[in-house]
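Two complexes, one shared chain (subunit A), two partners (subunit B, subunit C).
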Partner chain A sequence: MTPNQLMFAIFSAVIIIFSILTVTSRRILRAATYLLFVLVATGGMYFLLRFNFLAAIQLTLYAGGIVVLIIFSILLTSHIGDKLEQPDLKKIIPAFLAAAAGMVITVFTILKHNFPQEVAAGTDRTDIRVIAKSLISTEKFGYALPFEVISILLLAAMVGAIILAKKRND
Partner chain B sequence: MFEGVPLTWFLITGTIMFFVGIYGFLVRKNLITILMSTELILNSVNINFVAFNKILYPDHLEGMFFSLFIIAVAAAEASVAIAIIINIYRRLVNIDVEKMDEMKY
Partner chain C sequence: MNFSIYDFTSFTQWIDKVLYDNLPAFWAIAVEMTIIGVAILLFYALIGLFLVYAERKVCAFMQNRVGPNRVGPFGFFQTIADLFKLLMKELVYIKNADKLLFNIAPFIVIIASFMAIAAIPFAKGLHAIDFDIGILYVIAVSSLGVVGILLAGWSSNNKYSLIGAMRSGAQIVSYELSVGLSLVTIIILAGTMQFSAIVEGQANGWFIFKGHIPAFIAFIVFLIASTAETNRGPFDLAEAESELTAGFHTEYSGIKFAFFFLAEYMNMFIVASIAATVFLGGWMPFHVGGWEGFNHIMDFIPPFVWYIGKTFFIIWIMMWFKWTFPRLRIDQLLTLEWKYLLPINLVNILIMAFIVLMGWHF
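Showing the complex of A and B:
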């Protein structure tokens, strides 16, 4: 077993186990903590694939930002001691069947498809200079337009979140 | 170059994570746990993009940029969703999806 395979096995096991715990845990704060483990393991997988910049973004934005936001909203909206009620079997069985059927079909399709076995040769281009230049370039493989659009989206989301959560006096 | 782990392993991990997210989305009743399931789904898609990028086209960066933009959209979505959840909690003192059966009027 090569080091890459070993690290992949660890991250994959953490992702699968803790994502299942995230959707089945009956204590909501624990579910948020399990989600944090899943996100950190995903960041580890990006490090494994040598996408260092993306992994840093994953850790700061997801694990550092969104999970903290979720935990704050949990603390605002629910009591810590409370357990979520167990969903009834009438709801679990169809949901489980739908998810399992989808999973079986997708895994079957992936295994049947012939992906190229050997790794494509090429140089790593995850240098931060290359990333920065592509983000502001308007040439081919440049991402200037989506970059600007996403900045407007984030501004709109920020304003919308403030207006929605503001206390209104009507 | 990345060696040792076949592409299908990454895809299968992403698939399992995606459908666990779908299951949670269908089963859960609390709005915040539904939001967490959505985050799982978005993350599984990111793993697929990044693995395709690195293993099939190592001299391009398209998968990485798609993941980057997905992360940004997820951040915007989470902030607006939590603002809506807090607003609902203020009105109904409850964030259970089954008890939310009326709109403004």
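Showing the complex of A and C:
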């Protein structure tokens, strides 16, 4: 077993165990913490693939941003004694079926896909400069337009949030 | 093996070669990781102890007192005695707390700062991981620490802890922006995020001098924002003693409290190291482009000494802040970030980009 395989096994185990704990825990803040572990382990997986930029973005946005936001809202709304109710069977069965269907499709696609055996030299590591250039490029495979469209969407969402949060004067 | 205090590259390569010659590849990597981990852990503990001592001494001098002076010469061993006291103390068991989260919160805080320290270049060749995204990595992992603070405040089941955690969360999340953007200003100038390349880029002058006024403004903004991000005074309203007893770590005792305490000091050390590396050249001696004789004289001082000197200079400035300014209110804190630092930063990035585009920097 190479060190990479060992780390892969550890990260996968952490992801699987804590994903299950996230959805089965009855305490909402614990569930959020388990979700944090899942996201951090996913970031570790990206580091293992030497996709450093994506790993750092995963840690900043998901672990440092979204999970903090989730925890923040739980802090404001829930009490330490609160426990979620056990959902009834009518909800568990469709949810389980949907999750199983998703897993079957993913596993089927992965097994069916013909992965290249050899990775071409120099492509095992994405240069940050390439990512930066393609983000602002207007040519083919450039992301300038999607980037701007997403910014407008974000602006609209922010304006909407401010209007919703603002108290009416009447 | 030729060992020199000016360049550790040959030394680390020699260790690497010896390990790979004598052990199978898997165990060589395992031993290397253990060595690095233990070395950083030792460094972490020693610097933490020293910083607590330094803080008390600096505070004492600012307030015209003597400070610790009983244990050892000039009270130097005071913090070691304090450490033993903390280790002996009882870990208070809290009845209505969420025990699991209560126990893992200090570890999340300390692991976040431990991960950040791995990417910092201490001297030439003395650098655990040299990522191509170095600065982004440090920003990313240090943003994890706030989760530990929020969990600690909530799981203690205490009003003061909860209020402290909320304040701390709001503060760190907003000041992270300014820290990131002020570093982006220098990334534009350096053209890279890799720490080793950033240090090499300052061989003919530190970035704070090379980047004219925008670099200096970025440095000031970074100092203010990083002081706030590490929850230190005058931004320590998360643990304001007079209002909240001790904020998010009110219910913690013994070694778990010491973890929070140590992590706070180490975070200060980490942001000071980043400021020293990004703005003041890291381990690079003070060089002026073109002055060969002067540069040679400066090269006689070993890189590690330069690094430690610059880092402690910035730590000293941050301590000076803490013991000079009164604590801000939460509204003043958020006004400072969102109405002043953030707009200044955004304009500053534009000016820096323009200067780099026109080639006006040195």
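Brief remarks on what is shown
In this section, the second predicted complex is superposed on the first by the 138 of 170 C-alpha atoms of A that agree within 3 Å, B and C clash if a C-alpha of one lies under 4 Å from a C-alpha of the other, contacts with A are read in each partner's own complex, and residues count from 1 in each chain.
Simple rule for what comes next: contacts are C-beta pairs under 8 Å (C-beta built on N, C-alpha and C of every residue); 3 or more make two chains touch, one makes a residue touch a chain.
Here the structure is a predicted model, which is why all the values come from computation and not from measurement.
In the three-chain model built by superposing on subunit A, subunit B fits alongside subunit C with no clash.
Of the two partner chains placed by the overlay, only subunit B lies in contact with A:A165; subunit C stays clear of it. Comparing subunit B with subunit C, the partner in contact with more residues of subunit A is B. Of the two partner chains placed around the shared chain by superposition, subunit B is the only one that A:L49 touches, whereas subunit C remains out of contact. Shared-chain residue A:L89: touches no atom of subunit B or subunit C. In the superposition on chain A, contact is made by A:R27 with subunit C only, not with subunit B. Legend: residue contacts after superposition of the two complexes on their common chain; A:G65 is shown touching both subunit B and subunit C. Using the contact criterion defined above for the overlaid structures, shared-chain residue A:L36 touches subunit C, although it does not reach subunit B. With both structures placed on the common chain, the touch criterion links A:T2 to subunit B and to subunit C.
Our summary of the superposed model lists a minimum C-alpha distance of 14 Å between subunit B and subunit C.
On subunit A, the surface touched by subunit B in one complex and the surface touched by subunit C in the other have residues 2-3, 53, 57, 65, 74, 76, 125 in common.
By the touch criterion given at the top, residues 25-26, 29-30, 96-98, 100-101, 104, 131-133, 136-137, 139-141, 143-144, 146-147, 150-151, 153-155, 157, 162, 165-166, 169, 173, 176, 193 of subunit C touch subunit A in their complex. The residues of subunit B lying in touch with subunit A in their complex are 1-13, 15-24, 26-30, 32-33, 35-37, 39-40, 43, 46-47, 50-51, 54-62, 64-65, 67-69, 71-80, 82-87, 89-90, 95.
Of all residues in subunit A, those touching subunit C in their complex are 1-3, 27, 29-30, 33, 36, 40, 52-53, 55-57, 59-60, 63-65, 67-68, 71-72, 74-76, 80-81, 125, 127-128. Of all residues in subunit A, only 2-5, 8, 12, 15-16, 19-20, 22-24, 28, 31-32, 35, 38-39, 42, 45-46, 49-51, 53-54, 57-58, 61-62, 65-66, 69-70, 73-74, 76-78, 84-85, 87, 91-92, 94-96, 98-100, 102-103, 106-107, 110-111, 115-117, 119-126, 130-131, 134-135, 141, 143, 146, 150, 153-154, 156-158, 160-162, 164-165, 167 touch subunit B in the complex they form.
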